[in-house]
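Pasting the structures here.
You will see chain A twice below: alongside chain B first, and alongside chain C after that.
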Partner chain A sequence: MFAQKFEYTAPKTLDEALHLLANGAKPLAGGMSLIPMMKLRLAAPEHLVDLRALKDLNYIREAGGQLHIGATASHYDIESSALLRQKCPLLTETAAAIGDVQVRNLGTIGGSVAHADPAADYPAALQALEAKFVLRSEKSERTLSAADLFVDALTTALQPGEILSEVIVPIDDTRTGTSYLKMAQPASGFAIVGVAARVRQNAGKISFVRIGVTGLSNRAYRATAAEKALEGKTGSAADIQSAAALVARGVDANSDLHASADYRKHLAVVHAARALKTALSRIA
Partner chain B sequence: MNINLTINGKSYSQDVEPRLLLIHFLRDIAGLTGTHMGCETSLCGACTVELNGKAIKSCTMFAVQANGAEIVTVEGLANDGKLDPVQEAFWNEHGLQCGFCTPGMIMASKQIIDRHPSPTEEEIRHGLEGNVCRCTGYQHIVNAVKAAAAGAGK
Partner chain C sequence: MATTTVKTETFVGKRIRRREDPRLITGTATYVEDIQMPGMHYAMILRSPHAAARIRSINTKPAEAAPGVVCVFTGKDTKGVGVVPCGVAMPDLRVPQHTILATDRVYFVGHPVAVVVARDRYLARDAADLIEVDYEVLPAVADPEKALAKGAPAVHPQWPDNIAFTYHQDGGNIDKAFAEADVVVKQRIVSQRLVPMAMETRGVVAEWRGADRQLNLYTSTQIPHLVRTLVAGMLGLEENRMRVIAPEVGGGFGSKLNVYAEEALMGFVSTRIQKPVKWIESRRENFTCTIHGRGHVDYYEVAAKRDGTILGIKLKLIQDVGAYHQLLTPLIPQLSVLMMPGIYNTQNIRADIVGVFTNCVPTDAYRGAGRPEATHGIERMVDVLAAELKMDPAEIRFKNFVTKDKFPYATATGLMYDSGDYAAPLRKALDLVGYVKLRLEQADLRKQRKYMGIGISTYGEICAIGPSPATPAGGWESATVKIDPTGKVTILTGTCPHGQGEETTFAQIAADELGVGLDDILVIRGDTAVVQYGIGTFGSRATAVGGTAVYYALQDLKAKIKKFGAMLLESDDVTLIGGQVVDNKTGKSTTLQEIARASYRALKLPPNTEPGLIATRFWEPPNFTFPFGAHIVVTDIDGETGQIKIRRYVAVDDCGNILNPLIVDGQVHGGVAQGLGQALWEQAVYDDDGQLTTGELMDYALPRAHLMPWIESHHTCTPSPVNPLGVKGVGEAGTIGCSPAVVNSVVDALAPLGVRHIDMPLTPEKIWKVLAAKH
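After this line comes the complex of A and B, so read on.
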C-alpha cells in the first residue's frame, strides 16, 4: 500500500511551517490517522509539513493557574506526565486508554483533536474540562472553546492554513474527582461510547458537574441536562442513575456494525453512571 | 529526499521518495527482513521497531519522518551471538509457535520492561495490546515477558 506521491518538509521554525501551510500544505503530526488514510488513498495531500520536527510545539507546562499542552505532545507524553497526573488526572487517564502503546508513542493530542474522529477519546475529556484551543495561522491567532471547535464528524473549526498549537485545561482543586470510561472497539480500541465525568463536592452536596460524551454521535458533546440534574444533589446511587438517564436524551446516535443507535444510547447511560460514581469516589 | 538513519548502530544515507514507508526502508534497502509486515494497516504490530527508544509500527511511518533517528530492529538485539534476555525468555517459555509475530512481540516486550522493570500481568497485557499473535494464545508470551523481566535484573 503506497500513498500517492507528495512533497515532504520538516520545517525548522513555526513561522516556516505556518508559511508553508498558508500556501496549501497539510500538517503531519503522529501520522496515526493521516498515514492510514493516505495509504488507502482516502487522503492525497500534495505537500506535508511535519510538525513533529518543531520541538517547541511539544511541551506540557503550568502557567497562570492553567495547564498548557503543546499540540505535538504525544499520547504517551501526556499519559506519563507527572504534572498532569497530579493536576489533571482526567487527561492522563484518557491518554492511557487510547489505542495501543505504539499508537500512543506517536499520536499527538493536536492530531487527535484536529482529526475529530467521532470515536476519539480526548474530545470527551476536553469537553468535560471545558478546554480552550489556541489556533494559529501565518496571519492570526485565536482561542476557541471545545463547544466551538468540534463541529461535526471529522470536522473542526480549523481553517485551511491554520494549526492547533496548544490545548489549555484548568487545574482543579482537591474537592474535584474525575473519571473517563469507555466501551472500546476490540480491534482498534476506539470508543464505541466514552464518558468523561468531572464532579466537585461542597459541604456534602455536588456543586459542579461536567460530563463529556464521545462515540455516541457525530461530535463529542457536553451532556448539560444530566449535569444540571445532578447539581445540588448528594450524589446517591439514585441521584446518579436519574442524571445518567439523561446523557443520551435527544441525541442523534450513530449506528454501525459495532453498535446500533439504541445500544449506543444504552451504553452511554451505563457508562455515564459508572464514570460519575468513580469520579465521586475519587474526591479526596 | 536524502535521509540519514542509524539502524542497529550502523549509519545509512539514502535518497528516498517521501512516500516510502519505514518498513520498506528496513526490509528492502537495509536488507533487514527480521521486521515483518503483517497487516500493513497498523493493527497487528508485527512491524514494531524501536525509534529513539520508543516502540512504533514501521508500516505507519514514512522513512523521511525517521530522518536522523536511531532505530533498533530485532536483528540489533543479540550481542556477539548472545541473545538478548527477552529473546532468551521467548525461547525458554515457548513464547512463539510459527514465529511470524515474534520480532514485533519482542520489540514491544522490550518497551514494557524499559518502562516497567517489574511489570504486573496487567501492565504486560496493556503493553501488548498493539500486537496480535495467531498461534500462542498469548499466555506463553506473557510468561516470557515476566521471565525476561525477572532475569534481566539479575
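After this line comes the complex of A and C, so read on.
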C-alpha cells in the first residue's frame, strides 16, 4: 500500500495555501479518506497542501447569532466543544457518532464535508441545520447552502482551487430539540443510514421540522415531504410514524454488501421516527 | 555454605503480568519490518487481478528499465524452485503444482505473477505497474457448491469435477441408529470463509551470505523450524545452511502456521542478487493472499429418540479448498470430523467430506481450525433437535453428555477423551446467568412480542496437538533449560509464542521448579540457530506440550543440580528448594549460583556426571487433551431493525489447571472476540468472478473494542491426566464455544416465529428479513 510520489506542503497561512491550490495542488484536511485512496492508488494527487497546519482555519466560535466552525476543526474538537454542546447539540452528537477515536482525532469537518461521502454523518446534520458553507479560493469567496453544496456521491459544488473554509450553523432556541441516529456499517463506521431531526414546538404544535438523511442515496438530503407532514401536528406517535414513512419515498436507495436498498429505506423510516421522537423529547 | 531457613515464593497459578508486554506496548519490539540491513533491497509482488486466466505473455522490460529497479523475476526464472508444500498425505488427494510464481495460468485473485526488486520500496511499487501481462481471462468459480455442479468451470483443467479430495469415516452402526430413530432432524449449516487478519501482516527478510553459503530468513511465522526444513528443500539448500528467525510475530491465528510462496521467493531473490531483500505484505495482500479460514457448507442429520437421546449423526461436509492446498488444507475438515459428536454420548457417526477447488485463496488453519465448524454444527443441531422435540436446550444437553464416570472415553471418531465433567460448567453457567428467571422473563417478553433469546453452547475441543502419529509433522515439542555459571536460567523452547504469553508462563514453571525469581529466567524462541528443533505454536499446544517439555527438562536439570549440591555439601540426602540445595540432615545449604559455578569450573565432578548445567527434552504426548466448557449468551433483538444486542455473555471454560489466570482471561476474551466476529460480522465474500468484495477493512467487519460485550469469564477445573502440569490448553476455546451460543441465542429469540436456523454472520438485515417475512 504505497502511494505514488507526491509533493507535500504544510503552509503557514491560508493565502499561501490558496495560492498553491490555485496552481493545481489538492487539499489534505485530515486524510481519513484521501490517504487510504492514495495508498490503494485510487487517487494520485501530485501535490498535497496540508490544511491542518493552518491555525486560522481551526476555530469554533459564536458571532452574529450564529456558530462558525473552521474547516479544520476535528471531529473531536466538535464533539468536545462546550459551546456547541450548549448551542448546537445536534452537531456534537453527530461528531461523536463518527468512526472511531482515531478517526475523530484526525478527521476534520471541512475534509468530511468536502469529500461528500454519501454515507458520512455530518451531511445529515448539516442538512437538518440548513448550514451555510463558506468557500474560498485565491480570487473569490462565496457562501452556499447545504442543498447547493452536496451535488452527488463524492461530488460537491467546490471548484478546482476552492476550499471549504467555514461551516456556519444557526443557534436554536430552547423550544427546539434535535437528534442524530444512525445504524453504523460495522467495518467502516460510516452510516448505513443516518437521520438527523430538528423540531420546534409552539403551543403544543410542531411549528418547524427539519430532517436530514444520509447513507440512503447518492447524497445527503432533506426529507421535505416528511417535514411538511409533521408541521402543524401535535407530534403523536401516529403523527411521527406517518411523517417518517415519507422520508425515503421516491429515493433511489443505495444497495451494497452491507444493506440492500429495501433495508436501507426501511431503516431510514425507523431511524427517522426514532430521531423525531427523541428530538421532541429533548425540547426543554 | 550456610544453614538457612528457605523462604519460597511460587508463581504458578498467579495472575502474573506478561513479561513480554512492556516491549510490545511501548513499540520497541522488533518485527520483520523493523529489521534493517546495509544494502537492503525491496521486493514488490505483481499479483493477478483475475481469478482465472491464461497468461499469454509477460513483458518485464519496461519495469526493468524503471528507476531503482535491480531485476524482475517471473515464473520462468523460478522454475528450479520447489513447489509450495502440502504437508498432508491422503489416498485420494489431488495436489496441483503450486509453483511460487504463476507460470502459464493464474488461479485466484492475488496469485503471484512476478516480483520486482528495487533499491526502494516505492520505486518497486511504481515499477510493478509497468509489467505488462497479457491475460486471457477464463471463467472462474468461487462458490464450492457451484464448483461441484455439472458444467462448472474447472479450476484446474486436469480435474474437471473440481474435487480436491474425498474422505469418508464411519463409526458404530449409523444405519441402525437412523432406522431406530423416533425423529431425524436435518439442517444445512454454513461456516463462512473468514480472514484471519493478524495485526502484523506477513513479511520476509532474506539475507544470503554468499561467502558463508548461508541463508538467513526472517519471517513472521508460527513454525520457524518447519519453515527451515521445507523452504531449504524448495531452494535446494542444505538445511544446516539455512537459519530461520521469527522475530516478534504480531499474531498469527493459524495463518502463519504455513509455508508460503513468498518465503521461498525471497530466499530465491536474495541468492540471485546476493543482497538482503525485504518483502512486507500489504493489508490488501493479506486479505487476498494469506490463507482464509472456515469455508464449510455442512449438511447435518441427527437421529434421536423421542426423549432426546441422540442416536447418531451424519455429516456431509463440503470444504472450500481454494485454488491450492497450503500446508494443512486437507487436514482441517478432518479435524471437524473428529469433533463431530461434540461432548455427547453417541457411538454412531458417518462423515463424508468433499474438498472442492475454487478460484479463491486457499483455506487452512484459522483459530480452532475445523473445530469451531464442527462445534457450530453439533451445537446448532442439538438446538434444532430440542426445538423439534420441544425440549429445553439445557435439558437435552444434560441428557446426552458423556458422564464423568466414563473417562477416558473412546469416541466414535477414534479419539480418547482424557478427562471431563461436562455437566459442571453448564450447571455453573446456568446458575451464573440466572437461567430459570431468564426463561420467565422471556415468556413475559414474548407476550409483548419482544425478542429475547438465551443461547447455550456446550463445547469440547481437541487441544495440545498432538501425538506424532496423528499429526503431519510430528507433534512432540522440545525444550532446553540451561543455567549459566552465574546461576541465571535460560529456556529455549521449540514452540514459537506470538501473543500467547509463554515467556511468562514457562518462566513461572521454571521459577517454581528451581525456586528462583522470574527475573532470573529468560525464555528464548523463534531462532533455528539458537533453539533446538521444535514444532511451533498452534492448536492450543504450546503450554500443554511445550510447557511439559520444559517441565521434564527441568526435572533432569534438578537431578543434576542435586548431584552437584550433594557433592558440595558432602551429603547423600539433599533437597532442592528455594534456589538452594539443602542437606536434609544438617540443614546446611548451597545456592544455585555456587552449584552452577562448581559445575562449570569442574574441579570436582559427582560420579558419572558431566560438567555444566543443561538439559534438553523432546516430549512426545501420549494423547491430545480435551478441554470443554459452556457458554451462554443472552441477546435482545430490535424488532424494527434486526439489530442484535448482547445482554450477557457467560463463559465457563474448563482448560484443566491454570498456570496464569490473567493470560487465560486474555485468551478467552480474544477467542470470544473472534467467535463473535464470525457469528455477527465477518465474512470473506467472493463475487461470481472470484473478486474478493470484502478485501479491505472498510468492508470486512472485524470485531472492534466498542462492539464487545462484557465477558463474564469463569472456570471449572478438571486437570488433564495427559501431562504432568494437568493443563489442557485454552487458545481456541473462545472461538469454539462462542459462535453457536450466539446463533442459538438469536434463533431462540426468534423461535416463536418458527425460526430453526440462520447462517452466520447474523447481520441486522438477515434478522430483519426473517422478522419481515414472518409478520
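Following the convention adopted for this analysis, the second predicted complex is superposed on the first by the 284 of 284 C-alpha atoms of A that agree within 3 Å, B and C clash if a C-alpha of one lies under 4 Å from a C-alpha of the other, contacts with A are read in each partner's own complex, and residues count from 1 in each chain.
Simple rule for what comes next: a contact is a pair of C-beta atoms (placed from the backbone, for glycine too) under 8 Å apart; a residue touches a chain by one contact, two chains touch by 3 or more.
Since the model is a prediction, treat every value here as computed from it, not as a measurement.
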{"item": "Partner chain in contact with A:P186 - chain B first, chain C second, else both or neither", "value": "second"}
{"item": "Which of chain B and chain C A:G194 touches, first, second, both or neither", "value": "neither"}
{"item": "Chain B versus chain C as contact partner of A:Y8, first or second or both or neither", "value": "first"}
{"item": "Touched partner set for A:G70, first chain B, second chain C, both or neither", "value": "neither"}
{"item": "First (chain B), second (chain C), both or neither touched by A:Y263", "value": "second"}
{"item": "Which superposed partner A:D100 touches (first chain B, second chain C, both, neither)", "value": "both"}
{"item": "Touching partner for A:M32 - first (chain B), second (chain C), both, neither", "value": "first"}
{"item": "First (chain B), second (chain C), both or neither touched by A:D50", "value": "first"}
{"item": "Comparing the two partners chain B and chain C, which touches a greater set of residues in chain A", "value": "B"}
{"item": "Intersection of chain A interface sets (partners chain B, chain C)", "value": "1-2, 4-5, 36, 100, 187-188"}
{"item": "Residues of chain B defined as touching chain A within the complex", "value": "1, 17-19, 21, 40-43, 45, 48, 54-57, 60-62, 64-65, 67, 108, 111-112, 126-127, 129-131"}
{"item": "Chain A-touching residues of chain C, taken from the complex the two chains share", "value": "121-122, 125-126, 282-284, 640-641, 643, 680-681, 685, 693-694, 696-702, 704, 706-707, 763-765, 768-769, 772"}
{"item": "Contacting residues of chain A [partner chain B, same complex]", "value": "1-8, 10, 28, 31-32, 35-36, 38-39, 48, 50, 52, 76, 99-103, 105-106, 187-189"}
{"item": "Chain A - residues contacting chain C, complex", "value": "1-2, 4-5, 36, 40, 100, 183, 185-188, 257-260, 263, 266-267, 270"}
